[in-house]
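Across the two complexes that follow, chain A remains constant while its partner is chain B and subsequently chain C.
Showing the complex of A and B:
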């Protein structure tokens, strides 16, 4: 009970009013959107909102019959997983160099990598569009993979670098006296020791890749390369307007795996989201 | 050969762990397990870190420097599909007189600024009230949920709630706060408000999770001592927690600020810039010029200007934020 007395506000009532109301703000829209996924279209865009719908699986049938939902899912998985692999292959050695070696320009190179995270996607949207058009990669999952990898590379590098900085130097010194080379040290000591950091980085990169919207919108011009994120924006049926129940279902299909991944790395989340700057 | 190398490695790992167990990692005599290892020249040693960091840097250069240069080059032309005609600085002289460009810049600042302030205040309040709560683990994952939805899905949630489904209007009416259906896209500030609500709802958790981590990391004894001295919780917050968290707040708010200024998805799905461009952000401006009106040269000029702003901000605010965050 002591921990209750010590907590934030002195007044329990005030504290719980704040917490409960913010919980409602977070949860109610999600639950309401879930009901949207299980109601017929006639009960969504209406003059008077219907809070208790007639339950139906219309949206599910519509998704399966009218939209290649399995293809969107596959596109998302391929592009996201591929991009995370590219990121790890490039970022782990880079993080190792930034964390463990003294070399000229280290600070500047590190900051350059960080600064690419600040670039608005819109700034490079037009040139990237021309680049991929010229090499014939428009409307391709491979192009999305390359883009996602680029977007997240800075984040992944900095997160892993931060975890590598925490590994005691003694481990390495011992291996070095044993005659281990630099790459052996990276492979045998650094990578296993900072595995939580690597997993955190991979999960956060995957989430950002799943969410990516602007580049996907520009590069994927037909449903051949649509990911879940952009496919949503195309669930419209001409005069029918936006097909919200299908959108709701698809967004929950994407939500479930993300929730599981985040629960897995919960302890590392704040450190990962700040690219290692905050040791939460 | 490969098998031998692998054997070698596992042998050394066994050595290593043995030594660590003995707690004499440094004192133990060097055992030459690696017979294959050749000593490298000084030059090769110097090059090694560059080889490690090189591929990542080249990849990023390809995706930032090349597009940057391309945008600069293209911004000097009027591009009509495949025809590029030289325009010199024409695009730039036009853009600095373009009311829509300045409006987009202003909208980005207004929507982003309000949204960021609200998120920071809410996240800080909620974090401060629950960081020593015994049930905080449970709260935390619930508070995180909005962040775990795809942004395009979140945009549709709020588009439906505000506009297409009229749910918010209905709730306001039943609370007696509105007399008839509110048309959220009819007024400048109401339209902006819908974007702010969507952004605050989704991204307050980002700041919350970071703030809670920071608060939990603070020294409990200092807090307890202050409490025994009769300090109220608000004075503990202002005099102990807040100063201690300052570097973390700076990093978190900076990161969030960067993302807010690139706001695109919500605008694309919820408002498309209506009414009269009042909700058009910089990202949407570039998108509209380039991919709706096909003024690629003009869009590139806007990109270059936005890039300049980004570089200035990155060099000043962000560099400092990350330096202070590390210490």
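Showing the complex of A and C:
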């Protein structure tokens, strides 16, 4: 017994060493990156790295005074949040119908919806550009909202559908015999019961939308409609050459919300990602 | 409070026929149990009464009114499900309140009705909890409270006890029966557990492969099984069925010889209940295959001609395996079934 326990202890130690090392591998670059944003510009272009930073808010001041970061952030938030709302409003009833109603071609429609995800976005880039030009929505954050919603709608529908398939049919039968109609069942039973799935889908859609680059670049022809992802790519720090500490800070600002979202829902995230793929 | 009538009801799923030409009359205030193995169509029958499935053919009436085209939500039936089906996001109080809200019962009455229903199933202290914070038995009681709160015309119960452990099942059984008598609501109860059926039912309907095998009181079903299916399904252990031949008033099979009505001849199956056999006698010769003492009774399995016969022997009975044994039958309690499985030779 003693030897078993001892080897168990050894295992634990080995495990901790591996986990701690891996954590460092993952976290240190992020922290290093963050410190760059809070160092003076001169400290990061020296040949020998300086490990302990001299804290400085230079980059932050530069950002706030010279660069419309507030506008870009606002554009990101408006386009992403709006697209997620549109997705949920459309996807929840669609998912309910695909999960619960029996109608001809149900599986085909489900597959078609998913198949829109399989296409390379570049294929539709040109048509979409002309479409939005013709309806006069170029260079507008509303256009981005619509595009993000369209891109993610299939995925959101599919994830919510998978969660709905997991809700026992009995619940719905019970509600029906209790006197509830379809809308009541959707609103009072299904949505609350698969709320984790809806939140997961919303967060995944938000992450994809925040990171969306191609269509944003295409639609936002001037910086008026830039979101963080495109603004970041165009950002060099100003007229004085490439300013790395400002870039690092902007990158971190763009990255932080996603990190926070992922940490908040990490328990559901892997399930959400695999379920849409596996169940059908 | 209403009668239920099923007339020539058929339910098919594609080419598979789930329920075949079913005729059933459930009397007002009756406790009717649908009993059968899984896949026999009992749950489908119940779901058709609830309005969750639509019959392919035939008529369903509740309280005399034709229900075929009436939605589940508009039939005044309450259903209790095997998996409880409590709404997980609502408290027990809200769960019980849900049918009242859906049926536009005046709000002022809600609290009183909910508390009375909860009292009835002894769930008063748990009303604020979510279903997840209750035990299985409490959840099923909450589901019962949700069913009784709006005093429906009909209760439908789909294996409500099968997720509970044996002890809890026994106490819930008594509670359900008591409640049904008190509320006087016509009840249809689906189960595959014959003990539940025997203890709860006013009448039992035994089904197999979508066809009603027999309808009768528990006593009737036990003492006068209509065919080999019913005989082999009811009883624990079930009736022994021995295939053999009848000739000149004697039934014989390998190792078995008993008198039978003189009218019988040809291939006949003999049925004898384990409690109607005793050790010692001259009806069956065989070897002891197994002895299982349980305290109040000893189950003895006798093997004869590649067939095992179950016998309820006295509590003291013990015998070594493979020893020769002679068994006697109570010849006033023999059952004979013809080649089609139906009972024959009834006086």
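Before moving on, here are some points about what is shown:
To be clear about the criterion, the second predicted complex is superposed on the first by the 226 of 280 C-alpha atoms of A that agree within 3 Å, B and C clash if a C-alpha of one lies under 4 Å from a C-alpha of the other, contacts with A are read in each partner's own complex, and residues count from 1 in each chain.
As a convention for this text, a residue touches a chain if its C-beta (ideal position, glycine included) is under 8 Å from a C-beta of that chain, and two chains touch if they have at least 3 such contacts.
Fair warning: this is a prediction, and the values are worked out from it, not measured in the lab.
Contacts of A:203 after superposition: neither chain B nor chain C is touched.
Judged by the touch definition given at the top, the superposed model places A:249 against neither chain B nor chain C. In the superposed model, A:99 makes contact with neither chain B nor chain C. By the document's definition of touching, neither partner reaches A:144: not chain B, not chain C.
Legend: residue contacts after superposition of the two complexes on their common chain; A:193 is shown touching chain C, with no touch to chain B. Once the two complexes are laid over each other on the shared chain, residue contacts for A:44 go to chain B alone; chain C is not touched.
Once the two complexes are overlaid on the shared chain, A:184 sits against chain B and chain C alike.
Shared-chain residue A:79: touches no atom of chain B or chain C. Of the two partner chains, chain B is the only one touched by A:113; chain C is not. On chain A, the surface patch touched by chain B in one complex and by chain C in the other comprises residues 170-171, 173-175, 177-181, 184, 188-189. Residues of chain B that touch chain A in their complex: 9, 12-13, 15-16, 19-20, 25-26, 28, 30-34, 37, 46, 48-53, 55-57, 59-60, 62-64, 66-68, 70-71, 74, 122, 125-126, 128-134, 139-146, 148-153, 156-157, 159-161, 164-167, 170, 201, 205-206, 209-210, 212-214, 216-217, 220, 223-224, 227, 232-233, 248, 251-252, 255, 258, 261-262, 264-265, 268-269, 282-284, 286-287, 290-291, 296, 299-300, 303, 306-307, 310-311, 313-314, 318-319, 321-322, 325-326.
In the complex of the two chains, the chain A residues touching chain B come out as 3-4, 6-10, 14-15, 18-19, 22-23, 25-27, 29-30, 32-33, 36, 44-49, 90-91, 93-94, 96-98, 101, 103, 106, 109, 111-131, 146-147, 149-150, 153-154, 157, 170-171, 173-175, 177-182, 184, 187-189, 207, 210-211, 213-214, 217-218, 228-230, 232-233, 241-242, 244, 247-248, 250-251, 254-255, 258-259, 262-263, 266, 269-271, 273-275, 277-280. Interface residues of chain C, counted against chain A in their complex, comprise 47, 50-52, 71-75, 77-79, 81-83, 85-90, 98-99, 102-103, 143, 146, 156.
Listed in rising order, the residues of chain A touching chain C in the complex are 168, 170-171, 173-181, 184, 188-189, 192-193, 195.
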